[in-house]
Amino acid sequence: MNCGVSTDMKPRTLRRHFRESFKNLRRNGWMTFASVSAVTVTLMLTGIFLVIMLNLNKIGTDIENDVEVRVHVKLETTEAEKDQLKAQIENLPEVEGVEYSSKEQELQNLINDMGSDYTLFEQSNPLYDVFIVKTARPQDTPDAARKIEQFSQTEKAVYGEGKVENLFSFMKTARNIGMILVAGLLFTAMFLISNTIKITIFARRKEIEIMKLVGATNWFIRWPFLLEGLWIGLLGSIIPIAAIAVGYYYAEQEASERFASHFIDFIGYIPLIVPVTLLMLVIAVFIGIWGSFISVRRFLNV
Amino acid sequence: MNCGVSTDMKPRTLRRHFRESFKNLRRNGWMTFASVSAVTVTLMLTGIFLVIMLNLNKIGTDIENDVEVRVHVKLETTEAEKDQLKAQIENLPEVEGVEYSSKEQELQNLINDMGSDYTLFEQSNPLYDVFIVKTARPQDTPDAARKIEQFSQTEKAVYGEGKVENLFSFMKTARNIGMILVAGLLFTAMFLISNTIKITIFARRKEIEIMKLVGATNWFIRWPFLLEGLWIGLLGSIIPIAAIAVGYYYAEQEASERFASHFIDFIGYIPLIVPVTLLMLVIAVFIGIWGSFISVRRFLNV
Amino acid sequence: MIDMQGVTKKYPNGVTALSGVNVTIKQGEFVYIVGPSGAGKSTFIKLIYREEKPSSGTVMVGGINTASLKQRLVPALRRKVGVVFQDFKLLPLLNIYENVAFALEVIEEDPAVIRKRVMEVLDLVGLKHKARMLPTELSGGEQQRIAIARSIVNNPKVVIADEPTGNLDPDTSWDIMRLFETINERGTTIVMATHNKDIVNTIRRRVIAIENGRIVRDELRGEYGYEA
Amino acid sequence: MIDMQGVTKKYPNGVTALSGVNVTIKQGEFVYIVGPSGAGKSTFIKLIYREEKPSSGTVMVGGINTASLKQRLVPALRRKVGVVFQDFKLLPLLNIYENVAFALEVIEEDPAVIRKRVMEVLDLVGLKHKARMLPTELSGGEQQRIAIARSIVNNPKVVIADEPTGNLDPDTSWDIMRLFETINERGTTIVMATHNKDIVNTIRRRVIAIENGRIVRDELRGEYGYEA
């Protein structure tokens, strides 16, 4: 008697495993439905949550990017000196862009913002000419302001000291919390999907035992289960992926109309949907297969 | 042969069902663990999400409550006329409170907010005396402003027209989305818990069949299963309830220290934890029992 | 006690397991059901405790028409009929004691009575010492004897046994038969499907032979009658 | 072919099912294992296809020591041993054809060969016409014959059968025995645990009697030997 079982699978055996995995989905009809719907519901939740978190993050970043340094130029500064100051500011490594706004423009903005009461000032404009400075990374704003303040023609470099630092620290905390939530949700989704698959396989442990007793190798038993996990993942991800693809299409359109005035701007359709869809697919398929794999393994040592 | 089975249960039988339900948790050790952990993970997610949503709602409400009408009083108004105007405003049904701020105070506030540039104005203060009016319901602010504008001593009633309406419409949308998300999450939690319980009972359908064949009534079979569902719900809710109770204790403390300057104020510990804990308990227990009930029913018609 | 008139049983897959069966079994009778594999013996037995309903005809058990019996009243019927299933149907997670006690728990018997009675019948089938073991820890014949113990523990009016000696050696089989005879002498009706020629030919009782779903022979004090 | 030396089997619950068993069964032999219920017959059989490992002693099957056999190589052993399990162990969701075919699929047999061979053995056990049914749609005896069909479908070197006629009427039992004899004549070793006195006493072969876990008799052309 010769030992050992060939480990290379014949192509017809792979075909058999595919056929068998489909048949098993049908044979276990009710269980298949229960697993698929667990995947569907879990992924739907994950997907919606991801879309919301990604957009909140985007909005947060937009708010951060609004931070700017307003450089009050000394009253007696000549045009040449202003050009020189501008060049100095532009040379700072943190700085990305500099714009000029004369004190007349400034007053006009103030009147627009605060109301016509301020037209009184038109006779004696108390404001300064300003350079509006943007840094490449919003977090560098305070540093840039401090440096600009050293320049001789600068009266003052204003950036909402205190408030801006608070905004950044708030955003940092919010991002950390968001990241923990996303990680927690992804973990939860994976746990719930693999847990469901585990229970269904647990219910079929007798089958696995019999197959082993009739001479099936571990891989022969595993293959159809792994493929089943794959199909369950794929089937379960159809509805959430479709729903989010359609839903976000309308949500983004609606948002760009409704919130345009609030500086709220959603992530574009394609840049959001492509990675979210891929992530959902990966979770569903990977956890489907992996959940099957580890669950079957528990019952293979007969 | 006399038909029918008594429908009143003897007390010792109820005791038997309790004993049996505990034994079954042990007998199905692995399955019990899988169900309990599904409940745990699901509730944890639900609880954290609920806490966050409730606090976001609270913060939104706080922001809405900051809305006020600033009533610019005509320059030539006498003290007596001012008192009369104040009385008129207070008489409006929407109005909750009125505060006076002289134009000197107003300028001081402006200087504090905008910087010392504005000290220039101290020589000729261009501002008005104002009444600051709060309405009972923030949404009534525009109405109140319109009414106040009719009064003879009112120069102007300013409330950030446009911006405030936008804020309210944004908050309304955000609340609706939040409510849909909470409803969706609660549905998901209930679905996942009952789905898990269903699968575990499906795996035990042979047992139910045998019990019926040996002469057990439907209720005799059901009782231990319902109690098992109850215990699974209770066991599964321990960790999430404890974690959220402890976690929120620290989160709220941290928040009240860190965000005090941002007008961000979390819901107090007890007012939040009591309803959230109760809701989680109700979900766990109710769905545990209900999930068992409907799943057992499927297999009772033998 | 048991009365079948014009009973036909067609399973959903189209197989006709019984056709035109007319049988009356009186209270206290001892009846063997014999016939080849797949003849319809188990189907006959399943009709009595209403695991299956007849496709046509009537099955009366103790005056109850099983086909029209309300779901709610089925347990009452089954408590009057002790069944030894061909595949035992023991609850896999309960130990031997609990499996047998279950048939008494469903009738809300006094716990003290349950303890006494269960140990009694476990002793009768010779497995008192295995009370705390699980069904999977028993041999085939031991499991079969537990199924027998459970079927008689609540002193049912009828005991129906499907192949109760299929996994037993001749000695143990005779023990079980003596047990059935004792119960029968106390007035319990016994219906037993069997392939055991020796038993049928030695303990001579009424024999109903089924072939291909039809009753082909029904003799008081009959013989097994199939000779190889 | 099969060689046991000083084999003792103690189950985790403390029951000693076999003790000090020494047996050699040569290729091509036909051996009955007899003994009372719970004697250790099934345990003896489970040791051969390594469902159980001996607690002490060695079990050699075809030159392989089953106890030290690597997990990975167990399937190879089981493919050389066809087993009729006492509780059949059919896959409940596969139909009859698929259940039997499974034993050929695991050895990656050609699909055309599988079809031919499966229908062949189903015909041998007289159930070709039930190929598309599920195990639950068969009678006890029919299920048993499917288990027998599966055990011989891949022409194993050894067929071990645990009570293969327990649910069969005498006629069908003789058919199955003739089938085993034919296979045996072609050189297949047959080990069969049984309670069927008639068969053992008629088809006279080597008889190994186990009582209480010990071999108490081992005779070529022996008799059943237990008389009630």
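As written, the chains take the letters A, B, C and D, and residue 1 is the first residue of each chain.
Here, contacts are C-beta pairs under 8 Å (C-beta built on N, C-alpha and C of every residue); 3 or more make two chains touch, one makes a residue touch a chain.
Quick caveat, the model's predicted, so the values are computed rather than measured.
Asker: Give the chains in contact with both chain A and chain D, ordered by label.
Answerer: none
Asker: What are the chains that chain A and chain B both touch?
Answerer: Neighbours common to chain A and chain B are absent.
Asker: Comparing centres built from CA atoms, which chain ends up most distant from chain C?
Answerer: Most remote chain from chain C, centroid-wise, comes out as A.
Asker: Please compute the C-alpha centroid of chain C, do the same for chain D, then give the distance between them in whole Å.
Answerer: 28
Asker: Rounded to the nearest whole Å, what is the centre-to-centre distance of chain A and chain C, using the mean of the C-alpha atoms as each centre?
Answerer: The computed centroid separation for chain A versus chain C comes out at 66 Å.
Asker: Averaged over CA atoms, how far is the centre of chain B from the centre of chain C? Could you give it in whole Å?
Answerer: 60
Asker: Check each residue of chain C and list the ones that touch at least two other chains.
Answerer: none
Asker: Residues of chain B touching 2+ other chains?
Answerer: In chain B, no residue touches two or more other chains.
Asker: How would one label the connectivity among the chains shown: line, ring, star, complete, or other?
Answerer: ring
Asker: For each chain, which other chains does it touch, given as pairs?
Answerer: A-B, A-D, B-C, C-D
Asker: Within the complex, which stretch of chain A touches chain D?
Answerer: Interface residues on the chain A side: 1-6, 9-10, 12-13, 16, 24, 27-28, 207, 210-218, 220, 301-302.
Asker: In their shared complex, at which residues does chain C touch chain B?
Answerer: Chain C reaches chain B through residues 49, 51, 61-64, 69, 71-80, 83, 85, 89-94, 102-103, 105-108, 110-111, 150, 157.
Asker: Under the definition above, what is the set of chain B residues touching chain A in their complex?
Answerer: Those in contact with chain A are residues 30-31, 34-35, 37-38, 41-42, 44-45, 48, 52, 72, 115, 117-118, 120-121, 126-128, 156, 158, 166, 169-170, 173, 181, 184-185, 188, 191-192, 195-196, 198-200, 202-203, 258-259, 261-262.
Asker: Over in the complex, which chain D residues touch chain C? Could you list them?
Answerer: Listed in rising order, the residues of chain D that touch chain C are 11, 13, 15, 34-39, 41-42, 86-87, 133, 137-142, 144-145, 162-163, 166-174, 195, 197-198, 224, 226-228.
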